[in-house]
């Protein structure tokens, strides 16, 4: 079974039609899995619904706790792209119990609720990488997969690239 | 570099608004890669644009030829789901030059042109599996990946399942 | 109150993922009205779900009957585009009880289930025309409205034009 | 010919994938007219691209100027919903040269770039109302049309209602 931990990020931003702004409500993960006709055995757990720029050390601690406690050896984390690499580092720096698992962080540049979202592509990609990669912490974006300490988000282009 | 061979299938069905029927025109692969913000180094080649129920032995021969001739060791083939497993078997039965490559067939249950398509999810999945799997011929659908001789499409449910 | 009579047509075609063909299931009208955030007082009634090329005289008789029996003076009919004008003529040729109502036929060139459908635009248009036009039978397509006997569908271009 | 004056509003909000926020770039009107397969003779002119909460008296003066100067007697204005009624009042209060025209303001509760937008429905509706209404200033939303001085936006529900 694959554990999916939801933290929010662009993936799950919605349009608040009364306020005219973006906000978080429920995760779109179950709907996305349905759309992708996924037949994977997954368990989805929402940990928080926030913009990753607002993620605190305590939030990252909570994510690490859930990675550690999950009975599954394959974990996908949906996450805002801006601090995805920081969270990956926090998980990788945790104790060996976490290190024995394959953990893939992914996200989207465009909210799923937009017609033009890259979210479904990235989700299909992350769920595939996590099934094959050896234990470790990874970032899967743009069809590529990086080890947590060999990637950065280029803020100018929005692209994740090797370092 | 990943070679993408396009053969048509549900992936690429479009609506002919004058005739009121489905038909094939151009492949949606480049548009899908753009939507997914793919940063993979790919070369897309359209071999045919047909419903896989109409695929002949000669068509499969052409696909095998292209798998053999491709300079790349990673190949993704987009294909109609109805005879995807047959084509996978044809490729797997070819000479050793093909066998040294990692070849992943994928498709969609709903055309990409529909809002409700599973295509983008499957494409992200196939492009990820092909990067990690050892040489061999595989079918990637519904987030899962099967060796070519251990899968069948369940015609009742539309789901690919292990045999 | 506006009466909406559903007869099928391109508007409501769906993709049958097991057969790989287009078919009719339920009408999308309620979903379209929700998407358009319509606050009109409407009653939706499905009379048939067919391609208008298959519409018989008996089918047209049923439509006329419902136009006659409806207690509402404003009626919108969703209809396949190929024989929309024939049905409009059949309604216009019926007895005076029908002639006292404002009846607007509309349809779509692309099924609503496709991302690229013109259906929502045409529905918004037809529901607006029907509120203001004097009694009579009309065809509303492409943002325009024609009296039933002054329009034809150009089969080459798919456009409704004045005659 | 129908003149379409674009002022921005929710209709045209896009997602800035680098900043993670909504912003205005180009208007989606031409794309929406194409999607709706509109065959109306229209001239689109962008006056500004702003949130209607930020619209100043000077902005409204500019809109009135363009209504006055337009050679066309039918004008549709796309506008943010929050102050749509205020702008309608400003136009209605202008000199008689404006009053001789039929002017319909419309907008959207959800940006067109979202899959769930009501924009196409409202555009089809406004373009239809403007062809039939007598001279005056109107607001077309939710399938309904109101005279400028008999409507308000209910901020709790987001619905335009008669007063």
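Here the chain labels run A, B, C and D in written order, and each chain numbers its own residues starting at 1.
In this section, contacts are C-beta pairs under 8 Å (C-beta built on N, C-alpha and C of every residue); 3 or more make two chains touch, one makes a residue touch a chain.
Please read all numbers here as calculations on a predicted model, not as lab measurements.
Distance between subunit C and subunit D, defined via averaged C-alpha coordinates, is recorded as 27 Å.
Chain centres here are Cα means. That of subunit A falls 39 Å from that of subunit D.
Multi-chain contact residues, meaning those touching two or more other chains, occur in subunit C at positions 109, 115-116, 158. Interchain contacts close the chains into one ring where each touches exactly two others, per the touch definition above. Chain pairs that touch one another are A-B, A-D, B-C, C-D. The touching residues of subunit B, when paired with subunit A in their complex, are 32-33, 35-40, 109, 115-118, 120-129, 131-133, 140-145, 158-161.
Contact residues of subunit D toward subunit A in the complex are 10, 13, 15, 17-18, 20-22, 51, 53, 80, 82, 109-111, 113-116, 155-156, 158.
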